[in-house]
Amino acid sequence: MVTYFIRRLFWLFPVLLTVSLVTFIIMRSAPGGPWDTDSERRQVDASTTKSLNAYYGLDKPLWRQFTAYVFGDTNDVSHKFVCGMVCGNLGPSYRQRGRSVQNILFEAPPQQTFWQSRFGYSLRLGVAALAFAIIFGIPIGMMAALKQNTAWDYFGLFIATSGISVPSFVLAIFLIIIFGSWLHWIDIIVDNWIELKYWIMPATVLGFGTMAFTARLTRSAMLEVLRQDYVRTARSKGVAEQFVVLRHMLKNALIPIVTILGPALAGLVTGSFIIETMFSFPGMGRAYVQAISQRDYSMIMGTTVVYALLVAVANLSVDLVYVFIDPRIRLEE
Amino acid sequence: MAVQTVQNNKVAELDIFRPSRSLGAEAWSRLIRNKAAVTGLIIITIFTFIAIFASVIAPENPLQINAGKRFLPPPFFKGSTNIKSESQFLLGTDSLGRDVLSRVIYGARISMVVGFIPTFIILMMGTFIGMIAGYVGGRLDNILMRLTDVIYAFPDLLFFIIVMVALRESFIGRLMNGLILLFAALAIVNWVGVARLIRGQVLSLKEKEFVEAARCIGATDFRIMFRHILPNSLGPLIVSAAFSIPGLIITEAILGYLGVGLRPSTNPADIFITSWGVLMLDGQSAINAQPFLLLSPAICVALVVLAFTFLGDGLRDALDPRMRGTQ
Amino acid sequence: MRKLFALLSLLVVASMALAACGGTTTGTQAPGATAAPVATEPGAVRENTLRINLGTYPDIIDPQVSSFVGEIAHLKLFYEGLTKFNDKLETVPGSAESWEYNADATELTFVLRDGLVYSDGAPLNAQRFAYSLTRNMNPATAGEYSSITDEIVGASEWRGADTAAADYDEAAFTAALGIKASHSDGADCVVNADSGNSYDDADCNTLTLSLRKPAPYFHTIMGIWVAFPAKEESITTGGEVWWTSPVFQVGNGPFIWTVGEPFVRGKFSPNENYWGPKPTYDLEYRYITDSAVAFEAYKNGELDIVPSAAEDLGTIEADPALTAQHMQYPGACTILIKFGLAAKYTAPDGSTYDSPFLDKKVREAFALAFDAEGWTVDVDGKLSSPTWTWIPPGFPGYNPKSPLYYNVDDAKAALAASSYGGPDALNALGLKLTFGDSPRNRQRSEWLVAKYKENLGVDIALDPVEATTFTNITKDPATFPLLARQGWCADYPDQQNWLSVYWKSDTSFANRQGYVNLDFDALIAKADVELDAAKRADYYDQAQQLLLADIPSAFGYNSLNHYLVQPWVKGIVTTPQDSDWPGSFSVETITIDTLMP
């Protein structure tokens, strides 16, 4: 058991390396470069481009740029060895000059805590959205399954359908118009991200799809379990209904749900850049989308690797939870 | 309890030793008795019909720009503007004065294709790989799961964007307005979720009594996998398909928003002209001026999803082996 | 089971705690600054704060590196250049009291105002400006606009130097620069033995720039952000990330940056140490990029100034109150439909061909067939204005006289008179319109293609490419698209910036498109060094007419600046260059009626 997880942990390195290599190849085959800014303005001239390329090592062969990013290389200008990703250095951002990618993602402005970094904001929003999805998704799904083909079931279906077929950019603007413009319950412009009330709308919009998914998945897994022999058995033995539902049904129904929740958290944390755009949320979702159009290579690599690590850890936790809730699953040693 | 078990074994026995009515035929007869499923099937058929015959059904040319007629509201609706509606445009016009109804009708094409085809590929790939990994286990499972780890680790959207940016101008990026590249990108990333889901199911199901029973009586691995385990895993599979379709339709819209979507067309005779996702994006920014630019495609997506959910639920019930022989 | 519930409830509790945590400090406060937020009058119904939606959050706020409108909108609040621009876009004294060219305009001397100080009270002398100009040229800074000061002696040599070379000698390059700070009598500034610099020499008030060729427009360039005097101590203490913190952005502009919360808000208070008239209000930037959200917030009274969107125009026009608040004035950009001239293009059958636009009659046909008025109404919802000339209204050198106009019959006749004889020969070539893909650009391009089909009968395919790819292919004459919509926005108000920088055949823009007009080049070369203002303007005007007659592009339309401004914001004076927010060039005239309900 323990050795299994240790081995999985070691597996992280090849996974991250492959992810970086594939990202690097696709990224560098895209036309244009980091100094191709908006075509309607004065362009960066040849000698500046040359200095920039030399400073950031973009004039070296491609393979060396990759190894420099991952392992490290000597800087031509300062003649010092700069360690790469393996030391936690995600490289300098080409657009936010002077800042490194780890600085942009993980460091908060002065006098603030880690939680106010872009990653910190995203993590908090992702967890809030996941909590929203679980708190509402599982009970709605359970009610729909236990009261199949009743108003409860149809209500659940309605929520789920709207949750998946309404894109977040539409849901966000509807919520803003209804609660901001019509009802005046909440300010449209977020005053600060300290007060809890400002988190409600973005977390709801972000978590709505996952909530709908969780509800549908819970419903169908519950229906599945309802027909299982051990549930019939428990019922026929006269076991109290709540006990049957909780002990026998929910627990078994949770297995497929748990599979989804791990990656869902990772997906929610990198977030939807659209939600960040709509609510002016200072998370990292926008950082990577922007980085692609800016060809900010280190930023693209850095965010991808951070995300990859997050998913890998989430998946590992899912496997752990598997064992935790279903003792029949034996992970090979 | 004893009685139940005996009954189950009997069913298994019958299933193996005596060829019964085919699974498909029996499932079909159960499916068409399910009202909700039939409704779903009808809605999907209607939309497919609309998509195929868009050029006949659409009242206007979806590319016809009408000067000075931007953001006309529909005749039945008084919006927040003073612009007068025209009865010719049943759902009003968009920012260039094009007929919204015709565009929504044409939009069904890309959106249905983008929603269904990659979903189909994803389900096939994911089920097959997930099933093998979960059932065979051991080294093969390990290799396949490490592969899924790598693919899973890519942020989906980032992957789509970067692939579209890098390969858009290449040969494959120009095939069918870029649809082929989009399908490939969507399929490569998304099969992994299905594979893991199925694997999770298989891991728990293969310890179940009925699988052991089947194994005891010498059923082949293949038969156990696809005859016993797969039908029991259909529930979550269908749910994830129902979620995949709108997800893909919306992803296509977001890629358009980022400037890496499908190529637009200027020829009304072309097959693919616009999509629901693109219409929703246009509609979002114009929500005050012309809400129907947003509402009409959004309602269409919701209808398709609802239809598929109904159909999916019906399918699951119809294919469930425990429901065999029941009414 | 209990374990599972424990796990779930832990997750829920943790999420709430996480969302709420993060401490109590919001943003970065600038300690020790002399700014005090403006007090609000008794009886006021609103704070004395001007809340502006700026849109995108800036990537970098460094005077010598920044180049985007939203970045500069920050810099020009807390810095000021040697010169600045008034409401008529004339160059007027900024931190410099006066300036003077020598007889052949190869030397420019600025004399600074007396008693200039930074917002923290430190003296601001000519050495400070010399430092920021030097920093701009330093290849290690490598700012995107660094080439704009290349007229200064030694600048382009240093910028082009190989810093990695073993014999790279930074001191030699700086010594060769034509930048000199001195006393007004020409004496050297006194170097303080402790600090090793002469920043505390109050008499060091004269900055002399030696130019490598006569450049009678150069004082105007000294008004833009690249010459803003960033404080050296801030940059050394703050390190590479100095610009992220208001603490280090100590400047000489009318405002002080007090709070910087990335993506949420930037707050600015009046600078008590500013030499000129001080603003009477606090200023707050917001960074909402979604126009629909910003419009809702504006209607809710949560923002004072927001850009209006073409989509919301119908709603604005239907509401008399909003109509009254809608402010429109000319912008700083001219947008063209550019014709690729140099590249080889590929026909559908695989053969390559030279640009059909090498035939002037084809250019004429495409220029005359562009319905600029129709464009501004149909595509931009009247949020742009048609033009037939290059320099936009409001800028020095604007002249509405043009040989171009919109007429379908004349356009058809021109196409018939061309070597192609009509649309069919062109259609066989498979013309393409290339554009940076976005929903908005799609609508624009769809309209354009439909109009050319309608007016000339030519079929043009749409060729969307990703935005940065578009920039990349338009940078190289070999890949410049056959047809592309591109524009130019003024860096600074001078004809030189419109004509020499953009259309001279040795400059990048004309070169990329493949446009060469030697008569035009000769005239521009004469104009650029002409000292007599009237003669200079005349040369530029002749050059502009020459350009228009040659039709290198379809001229196009001008941008309009369009904003919604709440009725309690008064005294806004606009210029065409206020493309960040209205009144940003004269912040001191704005007042907020805090008593108005």
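We just call them A, B and C in the order they show up, numbering each chain from 1.
Here is the rule we use: a contact is a pair of C-beta atoms (placed from the backbone, for glycine too) under 8 Å apart; a residue touches a chain by one contact, two chains touch by 3 or more.
Computed from a prediction, not measured in an experiment: that's the story for all the values here.
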item	value
Chain pair with more C-beta contacts, A-B versus B-C	A-B
Most centrally placed chain, judged by C-alpha centres	A
Averaged-CA centre spacing for the pair chain C and chain A, given as whole angstrom	35
Centre-to-centre distance between chain C and chain B (centres being mean Cα positions), rounded to whole Å	45
Separation of mean Cα positions, chain B and chain A [Å, integer]	22
Chain C: positions in contact with at least two other chains	290, 292, 436, 466-469
In chain A, residues with contacts to at least two other chains	30-31, 173, 177, 293
Residues of chain B whose C-beta touches two or more other chains	165, 169, 257, 259, 281, 284, 287
Interfacial residue positions of chain C with respect to chain B in the complex	290-292, 295, 309-315, 317-319, 374, 377-379, 381, 436-439, 441-443, 445-447, 449-450, 453, 460-462, 464-469
Contact set on chain A toward chain C in their complex	30-33, 35-45, 47-48, 50-52, 54-55, 76-77, 95-99, 103, 109-113, 115-116, 118, 120, 123-125, 127-128, 130-131, 134-135, 172-173, 176-177, 180-181, 184, 187-190, 192-194, 196, 199, 203, 246-247, 251, 254, 277-282, 293-295, 321, 324-325
Residues of chain A defined as touching chain B within the complex	11, 14-16, 18-19, 22-23, 26-27, 29-31, 157, 160-162, 164-167, 169-170, 173, 177, 209, 212-213, 216-217, 220-221, 223-224, 227, 229, 232-233, 236, 252, 255-256, 258-260, 263, 267, 270, 273-274, 288-289, 292-293, 300, 303-304, 307-309, 311-312, 315, 322, 326, 328-329, 332
Touching residues on chain B, where the partner in the complex is chain A	1, 4-5, 8, 137-138, 146, 149-150, 152-158, 161-163, 165-167, 169, 193, 196-197, 200-201, 203-204, 207, 209, 232, 235-236, 238-240, 242-243, 246-247, 250, 253-254, 257-259, 277, 280-281, 284, 287, 294, 298, 301-302, 304-306, 309, 313, 316, 320, 322
Complex contact set, residues of chain C against chain A	1, 3-4, 7-8, 11-12, 14-16, 18-29, 59-60, 62, 65, 67-68, 139-140, 142-148, 156, 159-160, 162-164, 239-245, 247, 260-264, 286-290, 292-293, 296-297, 299-300, 302-303, 333, 436, 466-475, 486-489, 491, 501, 508
